[in-house]
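Next up: some structures, all given as structure tokens.
Two complexes are shown next, each including chain A; its partner changes from chain B in the first to chain C in the second.
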Partner chain A sequence: MKKMTRREFLRYSGLTGLLILSGKGVSLVGLADTLEAGETQVNPSNAKVRYGMFIDLEKCIGCNACTMACIKENQLPEGITPNRVLKMKIGEGDNVREYYQPILCMHCENPVCANVCPVKATYKREDGIVVQDNTKCIGCKYCMQACPYRVRMFNKKPPFSYKKKHPGGVHVGGTVIKCTFCKHRIDAGNISTACCDWCPTGARVFGDLNDPESKISKLIRQRNGVQLQKEKLTEPQVYYGLIGR
Partner chain B sequence: MTRKNYSSKLLLGLFVLIVFLGVAVYSAGRVIIQGQTVYGSTDLVGWNMLIAAYTFMALTASGLCLTANFFEVLEIHRFQLLQKRAHFLAISLLVPALGMLSMELGRFDRVIYFILSPNFSSPMWWMGSIYAVYLGLLFFEFWAIHNNYKKIMRATSIITLIFAVAATSILGSIFGVILDKTLWFGSGTPVFFVFSAVVSGLAAMIAGTILTYRLSNQSMSQELQQAIKELSVILTVFLGIALVFTVWRLITVSYARVPDASFVTGSPYGFQFWVLYLVVGLIIPFIILLKAYDKEKTIKKANHLSIAGLMVLIGMYVDKHIFVISGQFNQPFNIPLGTYTSTLTEWGIFLGAIAASIMIYLFGEEKLRLENRVKMKNTKSADTPQRDRYNDVGIV
Partner chain C sequence: MLEKALIKERNNSFYGWLFFLLVLIGIGMGAYIYQLIEGLTVTGMSRDISWGLYIGQFTFFVGVAASAVMLVLPYYLHNVKEFGRITVVGEFLAIGSVIMCMLFILVDMGMPMRVLNMILHPTPTSPMFWDMVVLSGYLLLNLFIGWNVLEAESKGVHPPKWVKVLIYISIPWAVSIHTVTAFLYSGLPGRHYWLTALIAPKFLASAFATGPALLIIICFLLKKFAGFDAGKEAIRKLSLIVTYSMCITIFMVAVEFFTAFYSQVPGHMATLQYLFAGLHGHSGFVPFMWVFAILSVVALVLLIPKKTREKESTLLIGCISVFISMWIEKGLSFVIGGLVENPLGRITEYTPGLAEILIIVGIWAIGAFIVSVLYKIVVSVKRETDVYSANTIQISTRNEGL
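Take a look at the complex of A and B:
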């Protein structure tokens, strides 16, 4: 039998190592696919649509019906209001005018909250909705710090004893809560949010931003819808129709 | 078997530490039972003083190891006297600091998701992971120093030094990447954290060593005095740099009229910044250190150095407190400014963590002999042959 030289030994062992690694690579890719599939399975969403909201500030009367609708629909813990209405002013001196600005999660295209979450508890669905997995959240509040819109809330209730059921799952103490665009409704085929349904003036419109013929897309075009804090580079998916002076 | 006689002061000190530890356990129990309603943090100011305290303790721990290993890598022999103590002090600080951090997490039981569901784009994931590895390396290196495994010590010191710098700067990046927070954002923050870690580490090493000798009524060897003296000179230089750095920070924020800067220089943190950080934490220790030597350049009073070290540590904590809390005050969309008042529970956990650090350190001092004794070239006795530099290092 021919004796193997050192050079040959190194060459063959290198090739064997490469083969093992490539095999491992295949299996790792497979594992990643399985995980991805798992996530998609848990969160059925449509990749063709991109959900967003249009809020007409001319129509908002500051009644806070949306706030109440959100609390009721999502069975939010006491003191948690991811959907709230701010009182604002525009103009100076005699020309000052008050108006109301509802604020909620902007479901950004580039969600900085998801980027900073150390355990991927926050992630963006294929249909554009940014959601929070409360079974994973460790309550580090990094997402709250990173969000430029201050729309994430921390559930300060006891970590192990507090549990409150809601349509999308369970609110757990010591975790972060955010607007989900009522994903439980969307997943059930009802393409609307509670805040939109409850708004008495129809100031809020929810829909598919990818569809140019949808009501929301038409309104954004007609009213020159603007995004808040565009300079933060998060590409928010909630558009506002500004008030006139 | 001889029985040690402990001084009444030491026993009283231990009693106080145990009381603080008990308060911390009680406070932690309240957090678990009542949730974070016992904290002063809000949705607008989500991170409370425990984050500031963790940052301070973690940076000091990194600074201790960073400085000690820097001297080790550069083969500056006389500082090997401090190497073992510095490493154990770092472990003593980091372990309670991580425990304290877990109390700030809403669901600390879920940290397993750091492994099961890692997000590599998150600076916090990197911080947690790097600090976990770093803590393991610290234990490993301490074990090598304790058993005098020279080659392992040498190799590990380089790796630990790299991890200390990485951990510290990544801790800074947690704040530095947040575009929305004017006082936090920027590439300068991680660099500032590394610098701050070195200052805190030097101060902790000086104060810790001198106080240990003073409390145990031992006198320092000539070599150790020399090492402490040189460390205090380095600390003086770094405090000078910190002063210049602070002045420039003030100039830039005033020039650009950064709105958030008023929280630091005016209300609500004006007193803490000007008095506790600038005067107590930087200027007075700087002056004390400058005047600590006589004309022959020997240390006049070692106590002054330890006081200066402690003052620097107070200043460094205040700096982190101001940095973490005031960075969160400003709000968008005319939302009223965030407010924050620390609670007794937070203080209980923080002081308990400090007490735990001191107790772990005292345990190490008692059981693990933290003093490395090095025979210097110029002090070697005639009957001790000069061997390689590690052979002269021994646990006596």
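Take a look at the complex of A and C:
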């Protein structure tokens, strides 16, 4: 056999490396699978509907029932609140008026977070819900920088030991958590979110924005619903009814 | 070639230095294992400031890596012969920096064992995917180029032709790594401080100031401790590059102030106010930014006049000032400053955790270790070729004498 020179050896080993990579590395796929058994299959969501939420700030009393409902429904790790209620002020001096503003993922029509995700862990479903697949997320936190509303949360629990299954998927340490509009309820046929169910004053309404006769569409028309930071052009699907009555 | 790293160094302090770095690397590794066990709670990152020092260091070292082009471009495109001796020094600095960049990204990840997902689920819409592509490409380019050029030199032959092709590719590639890194930030609609097309040019300008400044410092150290002389003319040309790039960088930092404060748009002003004067009672960055301001003035004062620029001691002080001030600007204030004010106008401050700092020190040590070993090879090769060329000169003079 002809003796292989060092240069030839390097060339052939390089080629082999390329072949393994171009075959998309069967071993690599296998490794990824053993690390995380796949949990979410993309649900065949309904492309005709577009889910959104309307929040009437006039009715919100700042009781944080929505925050608690969210934590309970999605079995969130402590310290993580995809839905939270902010205390706001409007006016100046004697004219000041305080009000409460719940804030959650806006499920933007043009989600920057989904565009920047390097591993397709965050994506927009056909029914308009922006979801997060925690079996794929690498925890780079790029989506958190991209979100103009800062409603994405980082699960700081340890990556190796923390894993918690819940109805909407799985929480894994070191990944990002976001509001899913309670997609597990919607997929089961219950078109409402936990926060809306628990709201004692009926300030929050969930429904189909594509249906002009739905309660939410009517409310948005009646109350001149506004979107937060619309100038950012991400087209949020959460509308607010402003205070003033 | 690699065996040249094992040739015994006369100077024992070299081994002391390597041992010191190994200790730091060990401490950093320990801190990283602690971070893996505890999760990212050990860092100072929070909901609002979810990118901290790690990503800042990453951004800074992408600049250092890209700056190798400031030696390669003049040497190969404009035939600046003085740089011939040190292009490989620049390329090996780039190798160390790119590896540091990759490590900084890795330690910032919450789920580092899934990093292969970047390749398994390629996403062309994400700048981070492209950043991975250009950074790993740049690492390979520099490995191939540096290695082949040095090997050819040690054998006293010209490098193979295909290396030249790679060198021409590496020039725009170096620009691309820092541009794509800038695009990580400048395309996000929610961040006023980052949402400007100026980020990419500013990054490049500051990189071309920082990298050559670091190279001048390295050349000085190599001369002092390894007896490797880069040549006076090369240092002089490098210092000119540092001076011009530093002026352009400071200019670009300064024009941001006009846009922000003349327009009086609150979102544009907030970060600059927070960084340089404090905002809503939060002023954690003000001391650092004043150090930045003072050091950049010192650097400009020492570098612009020809007299101080060409004197070794003042040139060194100038270069160290450039390096530290640019580190504060890019490695510290740029990333964190862009995040302090949340969309509702509230300020969150950031203090890094102890483990975070130790990990960063560990990665710096890894970079320094790689670069030191590579430079050891360079110095060994150059010593051999220097002896060889000295011999040939002797022989030729003897022949002339005959």
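The rule is simple: the second predicted complex is superposed on the first by the 203 of 245 C-alpha atoms of A that agree within 3 Å, B and C clash if a C-alpha of one lies under 4 Å from a C-alpha of the other, contacts with A are read in each partner's own complex, and residues count from 1 in each chain.
Criterion: contacts are C-beta pairs under 8 Å (C-beta built on N, C-alpha and C of every residue); 3 or more make two chains touch, one makes a residue touch a chain.
What you are looking at is a predicted structure, and each value in this text was computed from that prediction instead of being measured.
Novice: Let's test your reading of the overlay: on chain A, do chain B and chain C clash or fit side by side?
Specialist: They clash.
Novice: Output check: A:163 vs chain B and chain C. Expected answer is one of first, second, both, neither. What do you get?
Specialist: neither
Novice: Examine A:215 and indicate which partner it touches, taking first as chain B and second as chain C; both and neither are also allowed.
Specialist: neither
Novice: Between chain B and chain C, whom does A:97 touch in the aligned arrangement: first, second, both, or neither?
Specialist: A:97: touches no partner chain.
Novice: Can you list the residues of chain A that touch chain B in one structure and chain C in the other?
Specialist: 86, 112, 115-121, 136-142, 144-150, 153-162, 172-176, 229, 232-233
Novice: Please give the residue numbers of chain A that touch chain B in the complex, ascending.
Specialist: Going by the criterion above, the answer is residues 86-89, 101, 103, 112, 115-121, 136-142, 144-150, 152-162, 172-176, 228-229, 232-233.
Novice: Where on chain A is chain C touching in the complex?
Specialist: Residue positions touching the partner: 24, 28-29, 31-32, 35-36, 86, 112, 115-121, 136-142, 144-150, 153-162, 172-176, 229, 232-234.
Novice: Which of the residues in chain C end up touching chain A in this complex?
Specialist: 36-41, 45, 47-48, 50-51, 105, 108-121, 123, 125-129, 132, 184-185, 187-191, 339, 342-344
Novice: Can you list the chain B residues touching chain A in their complex?
Specialist: 32-37, 39, 41, 43-44, 46-47, 104-111, 113-114, 116-119, 121-125, 128, 174, 177-181, 328, 331-335
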